[in-house]
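Both complexes below contain chain A, partnered by chain B and then by chain C.
Right, the complex of A and B next:
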């Protein structure tokens, strides 16, 4: 890509940026100002960059959409089907902006959940300690852009020794076309806390827009967070996301990422096991068809001894779709007795479906247990025959096996209503993936 | 049981089949009537399992000559799923694991597919649950197996019980049990055989494919056929299996060679 196009894109995006008013908190202003400076020194990656080899976002750079300024008209009943009855805490963001009238907080737990503008004052010290501190926006132009436009953000703090009974639902709804949304989440789990948090991206219409999201997660000692991220943006949308996680001693981060929507999606998931005995479970499912591209880049960084990581990432690719998986696992010299497994399994449903998979193990400690593997295949004829011999028509047998391939991940969703929604989505998807 | 008046279920005439252009079945003739239990024995590679898979419609095998009539209809006109719905059942030697599909869901879908084909009532999950639990008692199966993924993490014996459970649910006209005894300890063998015996009746038939006589102590065959190199070279009653157990297969082979020599 030439420099003129690149600069055009970023400078167009920055047109609407204003220096924050001095009434806001100084640390927040400083963060935004630093971010906008970063944008000016960074460039949009191209397919020539190793990390973006298989994901060409040239089409995105032709769409320098501004943030949504109008509020869109829709009835609350239009979005009710996205709600999860189990979740007593729900924060809703419409086109990137906090929608208090749609949000709900009836939990009896001691969770602190709300929008940044409210909590930045009451919990300033804690938030300033984490916001912008886990994501590497200085080296990531999209995270820098998100931070530049940082205004509304979901903030969830699970206080020390608190175990939440109900899941927390962060719902990001896209309702307008030709806008760029900058969703943001900050999840802080204090020592010995425990919670299930669902980060959910949905669209009301099948329109073109851009989601550029940043999520930061901090787990203190012995914290246990189950973080489920569902990307079901419009099939025409772009979804660029950065999720960065820092884990303290003996914390457990359980992550699930499901990519269903977007024309082009890219998730960079960075998990840093920064102290001893930290553990992470990283499950992923990309279910795509047509012309979709879903790129998942994960980085699991074992920095201290006795860490454990378990990763299973699956892709089901139909039509002429294209899945990318890059799973990097780093075991630092100090990270003795690390136990790490990674598996990437890909199912190609058509001759034109494509997958690029790259497991990357970098081990600098000598006493470690690491295993990784990747498979790319089609449905197994013996499995199809088995089902047909039980009366299933061939097409049903194929659909059931495709569904089963995805269900291995979906079945791990701990929230019944969400699991059911996803099962329906996968079923519907598998019945039309040849398209 | 043998009854001269019972009707013919399966009629195999001059069946030849190949896999990857190698001929594995070289002219099989076999007639099975309702109520009968047939055992096919023979050494590895004699074509026993191939016969089972060809009858069920496995696409890796090509039928090159001969025909098979199932209740008077051309079997090879039917896709595997149509054969299943018409009443042909194959219990697999190596049942397939399907992670992600709950066993109860799989069993119910299979049951309802076959039921609707036969113009019978389909069962909803609750009704089916009662029904399947009753059938599981036949095989002394723990109901926990309903909630697990199909065959995933099942032991060899559990997989075979699950196969016979499917046989009990689908009520086939003819059941082909492909080495159902392999990998079973003696207790599991007894349970599985017991289940099969409770399913067999005067209206259906069973074709047992096996290496060993020990299964036939529990499921007593009316006919024993010995296969070698893609042909049935000897047919006898249940006593033939006992003779094979004590004398091995060599003598049948030699006897057959002498007969073949005399014929030419």
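Right, the complex of A and C next:
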């Protein structure tokens, strides 16, 4: 570690860091060493940093939780209800550690799915080409911390010309109080491949812990990936996530991010359309209540011509919760014929709920079609009146309208069992916060 | 892009001439002594001096802001002369006593002063390098109780009004440039519309920076009492110089119950040459306080000049049912940079605001819209509609949108829309089919694009703005 670490929080976290013993993978050691050097040059952001203006993480920095070491006891039946019957491939990570006994791979296609330790030798070339190469950990202290503590990772490789219809389920379970988990995912889609991948964060009990996750996705030419990210951490937890995506020519990345849990959650989603004709669809839903804060920062970088991006982000905010959305779309000077639309819709259910939104366009090319919109509003009294005149009690009318607002996003989930789970969550949410 | 567009963009600056008048200039540099000098030169009361010194001390502790989406050379605040007044300073009894050289300058700018003023029905309070030299129509306005004079006169004649309102909307330490202005402002305009009076004519001020290296720091204060209404026009042109000049003005508007203030600006300061050398740095703080119930503040601006513009005319909607409006056209060309927008702070119940912003970028320029709509928890039933559209001409320019929306009340409705487009080949083809050449077609398309804003301008200004836009963009599309 070079120099003194500036933050108490960071130095506390780094106490448990040991220089990795030189393993058979020099590139991995090098990556981790570089990351720890980055941590010592970076600092924890505060509300004075533009990117963190509305998300105060001071309460997080008071809790320098260490990594989970001992394994916790629970029976597999406790977590069975999180499983998705459609998913023939399931990788389960408990407190950041791979749990092979809970995982399952009955996928008949040639998909390669496993953890880093088992795949690192057999697929070293591919993994070293992508791991740590898409996330900007040199400028992001949380991604740097994740890389510093990188021991294991979920790795999914969809080989060339492979289409897999069954979804791949990556399940991250938190079971321990007062620990920091560092989940990591690496998704590599080779040319002409196609897959549905579900990244799912759940908690066994209502615990206090920190999830600091990094996901890297690489789409080669003409690859199609549908990436669904469900964050249902415990209501007391902190969830800081970075998801970085690189797209090659004519690839299609479809993303859905659902934020339900965590006391404070922050997702930075960075999508780089690095070659011509790349497309991305980015949908999001934040459903929060009580004292929750859900922050979604997205960055869509149109670097090459003929790119398309579509974004719809919705927030349903009840209680005294606070939703933050920052959607930045960049069109680089030569990215002509870019077509980009972005829409952010926010529904405030109570008077103490709060929304900060900033849809941001930065355009340096002239032949582009770009539009964005943002709205903040409440349930329409006339619509409630209409339903009441049809015999709905007021609370049911409000629930139905709130559900319909969220359903626009949830209906896009291609996995029936997951869709059903989410529908139940939305219905439950409105019942507990309405009026 | 055809040559017609090229030519449009590359028109030389039409107002670039220097009037040769002996100026009374303070030595360069800023210190407490400079401020005392300005204050004593202007024969100011003690409280105003302490206001300036308080601002100066705040300023010393502040840092230049860097969050704007612009880059410019570092400003050396000790290299600026903070006071410049035209030499013949004796009191003028009539227009004939005004320096003929000065009058010729206004003639070239097309300022309607003598008969033209009467014909146009405009009372012009002319600012020439910080000191107001001639005020017309003062009498006529005085008959209905309206005070419209230079800021220094107001300090002498109506100190109680200045003391009551100065710094109430833009506090001395509001931001770096507002603090600087509060410390060293030399002159500006003051306008007071008493209770129940509807101002019978549009009030107008022309600002002009004349002496090289004298930054201009004017101060405008407009107060509309209960039920009063006024429409105020501000036009800006500046001669060309190769060193960048700083313009840091502060405008404060106060609207009491049922009052209505409409503030229109056409800004055409020198923008620098084709290579981005020279030009004005326009760092302005404009803010209106809709203090009373049912009050209304409306900003309309056409920004075509300045090398760097940094300006956010804002409304604080404190009174219940108060209304804030912002209509803006910002045109940038060559190496100009504009970071402009508005802030709408909703505090009162049922407050409404409308934002319409049109940005046109050509050449190597960058224009940004930066806006804030904040609905505070007390703003029951607040409503906002924002629309910001950008048009790009050429592939070297940039258009950016940074809208901040902060809502803390669930009964509020906020809408924001933005789009970016260009003048399409098919549009030009359609025009040429109808026998309209490219240049005229572009002018028509741009005027159509800006129509929502232009129709908010008073008649004379709308004509001027339309012309200004077409010669600004001459030759940039084709």
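Observations on the model:
Throughout what follows, the second predicted complex is superposed on the first by the 426 of 435 C-alpha atoms of A that agree within 3 Å, B and C clash if a C-alpha of one lies under 4 Å from a C-alpha of the other, contacts with A are read in each partner's own complex, and residues count from 1 in each chain.
Going forward, a contact is a pair of C-beta atoms (placed from the backbone, for glycine too) under 8 Å apart; a residue touches a chain by one contact, two chains touch by 3 or more.
The structure presented is a predicted model; accordingly, all values stated were derived computationally and were not measured.
Judged by the touch definition given at the top, the superposed model places A:74 against neither chain B nor chain C.
Counted by residues of chain A touched, the larger count belongs to C, out of chain B and chain C. Applying the stated contact rule after C-alpha superposition, one finds that A:392 touches chain B and leaves chain C untouched. On chain C, the positions that touch chain A within their shared complex are 67, 375, 377, 390, 392-422. Interface of chain B with chain A (complex): residues 56-60, 79-81, 83-85, 89-90, 92, 95-96, 98-101, 106, 109-110, 113-114, 117, 149, 166, 170.
Across the interface of their complex, chain B is touched by residues 380-383, 385-394, 397, 400-401, 403-408, 411 of chain A.
Of all the residues in chain A, the ones that touch chain C in their complex are 50, 54, 333, 336, 346, 348-378.
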